[in-house]
Amino acid sequence: MPKLIKKRSRKAGLPPGTPVHIGEKKTEKIKITLYEYDEVNFQEKELENLEECFSAKGVPTVTWVNIDGVHEERILQKLGDCFKLHPLVLEDILNTDQRPKMEEYGEDLFVVLKALTYNEQRDEISAEQISLILRSNSVMSFREKDSEILAPIREQIRSGKGRLRKMGADYLAYALMDIIVDHYFLILEKLGEKIEFLEEKLVADPTASTLQKIQKIKKEMIFLRKWTWPLREVLNRLERGESVHVREGTRIFLRDVYDHTIQVIETIETFREMLAEMMDIYLSSLNNRMNAVMKVLTIIATIFMPLTFIAGVYGMNFKNIPELEWRWGYPMVLLLMVLIAVFMLFSFRKKRWF
Amino acid sequence: MPKLIKKRSRKAGLPPGTPVHIGEKKTEKIKITLYEYDEVNFQEKELENLEECFSAKGVPTVTWVNIDGVHEERILQKLGDCFKLHPLVLEDILNTDQRPKMEEYGEDLFVVLKALTYNEQRDEISAEQISLILRSNSVMSFREKDSEILAPIREQIRSGKGRLRKMGADYLAYALMDIIVDHYFLILEKLGEKIEFLEEKLVADPTASTLQKIQKIKKEMIFLRKWTWPLREVLNRLERGESVHVREGTRIFLRDVYDHTIQVIETIETFREMLAEMMDIYLSSLNNRMNAVMKVLTIIATIFMPLTFIAGVYGMNFKNIPELEWRWGYPMVLLLMVLIAVFMLFSFRKKRWF
Amino acid sequence: MPKLIKKRSRKAGLPPGTPVHIGEKKTEKIKITLYEYDEVNFQEKELENLEECFSAKGVPTVTWVNIDGVHEERILQKLGDCFKLHPLVLEDILNTDQRPKMEEYGEDLFVVLKALTYNEQRDEISAEQISLILRSNSVMSFREKDSEILAPIREQIRSGKGRLRKMGADYLAYALMDIIVDHYFLILEKLGEKIEFLEEKLVADPTASTLQKIQKIKKEMIFLRKWTWPLREVLNRLERGESVHVREGTRIFLRDVYDHTIQVIETIETFREMLAEMMDIYLSSLNNRMNAVMKVLTIIATIFMPLTFIAGVYGMNFKNIPELEWRWGYPMVLLLMVLIAVFMLFSFRKKRWF
Amino acid sequence: MPKLIKKRSRKAGLPPGTPVHIGEKKTEKIKITLYEYDEVNFQEKELENLEECFSAKGVPTVTWVNIDGVHEERILQKLGDCFKLHPLVLEDILNTDQRPKMEEYGEDLFVVLKALTYNEQRDEISAEQISLILRSNSVMSFREKDSEILAPIREQIRSGKGRLRKMGADYLAYALMDIIVDHYFLILEKLGEKIEFLEEKLVADPTASTLQKIQKIKKEMIFLRKWTWPLREVLNRLERGESVHVREGTRIFLRDVYDHTIQVIETIETFREMLAEMMDIYLSSLNNRMNAVMKVLTIIATIFMPLTFIAGVYGMNFKNIPELEWRWGYPMVLLLMVLIAVFMLFSFRKKRWF
Amino acid sequence: MPKLIKKRSRKAGLPPGTPVHIGEKKTEKIKITLYEYDEVNFQEKELENLEECFSAKGVPTVTWVNIDGVHEERILQKLGDCFKLHPLVLEDILNTDQRPKMEEYGEDLFVVLKALTYNEQRDEISAEQISLILRSNSVMSFREKDSEILAPIREQIRSGKGRLRKMGADYLAYALMDIIVDHYFLILEKLGEKIEFLEEKLVADPTASTLQKIQKIKKEMIFLRKWTWPLREVLNRLERGESVHVREGTRIFLRDVYDHTIQVIETIETFREMLAEMMDIYLSSLNNRMNAVMKVLTIIATIFMPLTFIAGVYGMNFKNIPELEWRWGYPMVLLLMVLIAVFMLFSFRKKRWF
């Protein structure tokens, strides 16, 4: 489960635009990969020292700089200087507790997204922040770690299959966003299966552990919602073409991602409604069972209390209890008891208690 | 009950616009039917191989191409090539887990709808996705299977009755949407009857099974809502005449469907409120019954516990209990017991416990 | 209580604009009354055959055609032809399960409203659909039956009192809407009295029947809301002068009806909040009573169980129980029992259980 | 507590614009006071007969006509004629069950407000409707009764202190609205104190009477909200300068009242949230106590039922019960009982039941 | 915990614009500090008497006047005169029960904010109102007391580090707002930790005290929300550049604070949802435990009541009970009892009661 909020106390009181990393501490080396391509050419290299970076600028083909890791403030600062990033952009890239957003800084289009994957071992959603910067001929992407989520894009560039190599930097940015949103569906599929499983369990045999699982998913939904809702506005603004770097032809694709985002959001809402229903079902089944338990208790008590009382009466040691001397006293009392029990059972039956 | 979300894992990582079928696997052959008509002429043929398709284009009369089945990617790809459909349109047609939407791709107006029918055998709503493409003189409709829902339109074209043959392709598209929305009312009628039946049962004899039925309908409402809400915007945009293919005269009819959609949505909301009320009624009646059960238990215990205690006292084996020797000891104790019981009953009566 | 939805299965599959009556079947003859008036002249006649209808058109004075009953499709169709009504308008007039709305069909302004009256015998709200068509010099009104709700307007026309005879057809349409909205206040007055009565009962003596009455009113609120909410938009659009037939001077009056509608809606919302509060009060009083019942049971059990146990111990038949031989054994045990009872009562008192 | 809705049955069916008093019947004489002032002059007189009224019109200084009492239709009608009020304005003034609103009738700006005061004796909020009419040089104010709420304004005019005498009629209208809104804060202060007191009581000793008090305030909140929400729009429209009579310099003051209104509304919402929290706290404390009661009962029953059973076994009269003959039979049984009791207590302790 | 509303009864009836202090009474002397700086020069002085104030006006460098304490009406009035503040501005500065807002008074931009700090000793949030006035070359800030929240800004000015000394008065105003919003994150961090701690406790061992802590945080959330929501609009309007004093270059920074505010608001909403979930978990665990308690009681009663009854029967003193004479009577009855107990336990096991 993600932390509710990440520590940012270190940052309080520093002047705005100071690059401070907020998020999980990591020790891996930051990996910077440069892809340069057009329809015919393709080149990929890992940047060892940042001086190479400078030579990459100004190339007419599309350039993609992918940075895996944002935990070393010094390196990021250097990158920022080298690519002339606005201090606030750099600050936001380092702060991995951002909400998804889109902002324009002069020529630069800056987009922050949350990439979600399902961690099977820990049985929970893990979120990673991905920041994109789109310029006229280049895209920069900053990720928290080196995960496999963007691998298909790398493959498409390398192989030259699909539309990607034929299009500009804006299409690359679109493709990156598209693959991130596509992964949301995988998460939803996983959760959908869980919900359907829990739903069946709820009817068959509702236990406290079923309830706990429902509540765990409800909590995950809160986070899912937090990460996807703002995306709607981000993509809507991109699709409406607020940015100069997004070409007419790419807009139709952005509309498609926008549409997917809305579908993701609506599915989340449906899941939430389903889970709320399931909570209702659980609680009313709990009430029903409580009712049943109470009825058993009441039936037992109502039958045996009068009988025990009668037995008590004839267990008294008064000298002078005439019934005790009767010949048929004992059988008659037994008969009386049976009659009372039958009458009680009959009246419960009439009240439909069992 | 529909799946919460359809499997789309197969698709993750593929380049956008790749046609992948998402939905129930089917083995039926895809059926393509071509209708060409104007006020006087009418021609209907089933297309066996797709080459014929080409000749259909460019005919001045209205052309309706109806495709029943979207589960064979190869055929759909061919159709897409032959009718020059945008890759994203094709992708959406194949993905039967779309939300209702309207999009324009250049000249093409692309509309996705959910057609609902009531499956009497399985006693549940079954949903089918219908995609429409409207061009200046033609309409293409893609359906998941060959159901009877569009049959009346076919009949109107064949017989030439009504306005349909006299109007253009936009009116045909309207007629298709109108019949889909009209079917929503049939679903609502069915659900309305069920709700009214359950409401009466709830007053007469509320059981756990009544509750389960209420919750089943509540769940169906979640889906109904999901499928109809977006329609509101789709039809509103069509009615306002955002598309060039929709003629002035058809707009008044689209406003009518729009109006129906709003009525459908409002009825769904009314149903939801009714069901929420019914849940409240069920729960409060459960509480009332619990209260009644508890009162019975308390009355019984409060009367018999003191009596049994008294009987117990005179059942003690102390040597020296003077009352046991009294002549009228036994009758006096019995009288005392009756007095206690009467007093208890009287005080419960005063508390209005029965 | 109104049906949740009226049967419209008959209609499914028919071409749009086919006039089909949806609503309660009736056998009364449809009554058509024609009123023609200006400031000095006034004429009223009941139309026997529809040919007369034609002569009425084109008269310079204001013409009001009132049709009581929409259940005979044939007559309505004739009327529609004779007054050149749009097929969709006719279809909507016949369908008495419409939501309030306003639409323009060319020159015609078409308004659908729900007139509400309180049926004292059946102790429920009864709703009737009234459709109005406003043209430059005439108003047509279609009602489900011949009720008394519009009688004051008829009287004002006949007597010539008030502003009505001096104004145009738009003012007549306003006057009809105004009287319909005024009746909403009568309904709200009735419901308000009921709610206040129930509120007092809830404090004095809450029973399950009080709850049922609250829930009945809550259900009526759902319908009231459904019928009045859309009116807000209808009147707002009329007041803003979207229609050409509404003169400047009448607009100020329409603003007044609009204002009344908002007040009706706000009162409904207030009632709903009150009823929700009352449900809360009922449920918490139920909980309080349950608590009280449980306390009685627990007090009784906690006092008598230990005492009965002690009595049981000295009722055992062991040969060798020394206490039984003691001279003061019996009184001492009685004393012990009294002490235990007093101690228990004292500790409950301390816990504020009674 | 105010009535949910005031009787207006008298009015149904009357032509619009007929002045009918709706509200509490009163017998006091209506009091009409005329104030005329500019920076140097000031004159105040009580109008005995309405002819004087006419002479007041047309004076270049600011004129304030204050009418205390709207329950005599005849006098109000005369006033309306004399000041040429629109019939709908007059109707609204007489109807004391209006919602706050602002309307323009030609030159006249018509504002309806609710003035609230706290009735200490009856311990409830009492509301009074105040209608204002602003013209270029004059303000008319209509009140239900002669209360002290506007007294400070009168004093400011008389004494000439403050800005009031230097400004125009629009500032006077502002000052009247300002003092009404200022009184809302007094009401909120009163309610805030009550809520804080109840909050403390809820923690210390929650009783059914605490709950009743919470619910009473919740109900008052419903009315407060109803009376203040529409004010937001009224003042927003005034501030934005929709009316010609409101001068530029006064607008900055109207913005201030608008700001106060928003603060009132937000405080009401905060109170509502607090009260909802308090309901939650009450209910969960009720549940907790129920739980505690049940535990006591269960502990007692679980300890004494087995013991009583054992005593019962050795109270049986079988000839042949060997234990009864044992020498240490009685002490051993007592020991057994103690062991059982200790074991039970121990296991409850482990379950943390006490 | 802050008061729900601060006393303002003193103010009722006074003319608008009268400076009246509303808030906590204090006795400290008001401290006025003047900072004058540009990129090279810096001067700081504490103002002893207000005559100095005048000389400060008109200096070309940036001027920051910071006033610590607003509880002395006389001094504030003098300041207002000396800086020509609008009476309504002065009134608002003195009233520490304002909602966050932004208003323009001619040239002056007036902003009210709430600065929040966490009071560790009293374990609660303490709020302080900060009012800012931005003019072309100067900023005035009014605070309730001399707290450390603005200290970093003072340090940045003194040391000349960062961007602050190079920019204008608008950047200073931004920096003040930024540091206030940054402190909200510290509060949220604190609350987030508490919520996570409570969440773990809720699973491990839910007690009534856990519930009380949850409800305390819920209450704090109500206030946090009240203080931060309006900020959204304030910063949005500032960012959109509604004010003339905000230069183009500063706007990008204001967008950053705006973004932080949205993040604060969204985090608050997430916290609220989490807390609502936690309440649900608590209540359902309470229900579960109640259920468990009831089951224990019912199991015990259902087993021992029949057994005690049987023992009672053979404890009766009838002369003629044949079983009592049987040789194996006692063991057979014991066996019967064991069989009944086993059967009962078995049937409870089948019902999954334990």
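Going in written order, the chains are labelled A, B, C, D and E, and every chain counts its residues from 1.
Everything below uses one rule, namely that a contact is a pair of C-beta atoms (placed from the backbone, for glycine too) under 8 Å apart; a residue touches a chain by one contact, two chains touch by 3 or more.
Small disclaimer: the values here were computed from a predicted structure and weren't measured.
Q: Chain by chain, through touching neighbours only, how many steps does the shortest route from chain B to chain D take?
A: Step count on the best path from chain B to chain D: 2.
Q: Taking contact as defined at the start, I'd like the list of chains shared as neighbours by chain C and chain E.
A: Common contact partners of chain C and chain E, which must touch each of the two, are D.
Q: If you fit chain A onto chain C using the CA atoms, what's the rotation angle, as a multiple of 5 degrees?
A: Rotation angle between the two copies comes out at 145 degrees.
Q: Provide the C-alpha centroid distance between chain A and chain E, rounded to the nearest whole angstrom.
A: Going by mean C-alpha positions, chain A sits 26 Å from chain E.
Q: For chain D, what residues touch not just one other chain but two or more?
A: Chain D, residues with two or more chain partners: 287, 290, 294, 297, 301, 305, 308, 312, 315-317, 321.
Q: Could you tell me which shape the graph of touching chains takes: line, ring, star, complete or other?
A: Looks like a ring, each chain touching just two neighbours.
Q: What part of chain E is in contact with chain D in the complex they form?
A: Touching chain D from chain E are residues 3-5, 7-9, 11-18, 86, 88, 98-99, 101, 103, 105, 205, 208, 211-212, 215, 218-219, 222-223, 226, 230, 279, 282-283, 286-287, 289-290, 293-294, 296-297, 300-301, 304-305, 307-308, 311-312, 314-317, 321, 323-325, 327, 329-330, 333-334, 337.
Q: Spell out the residues on chain B that touch chain C in their complex, using ranges where they run on.
A: Answer in residue numbers: 151-152, 156, 161-164, 174-175, 178-179, 182-183, 185-186, 188-189, 192, 195-196, 203, 252-253, 255-256, 259, 262-263, 266-267, 270-271, 273-274, 277, 280-281, 284-285, 287-288, 290-291, 294-295, 297-298, 301-302, 305-306, 308-309, 312-313, 315-321, 352-353.
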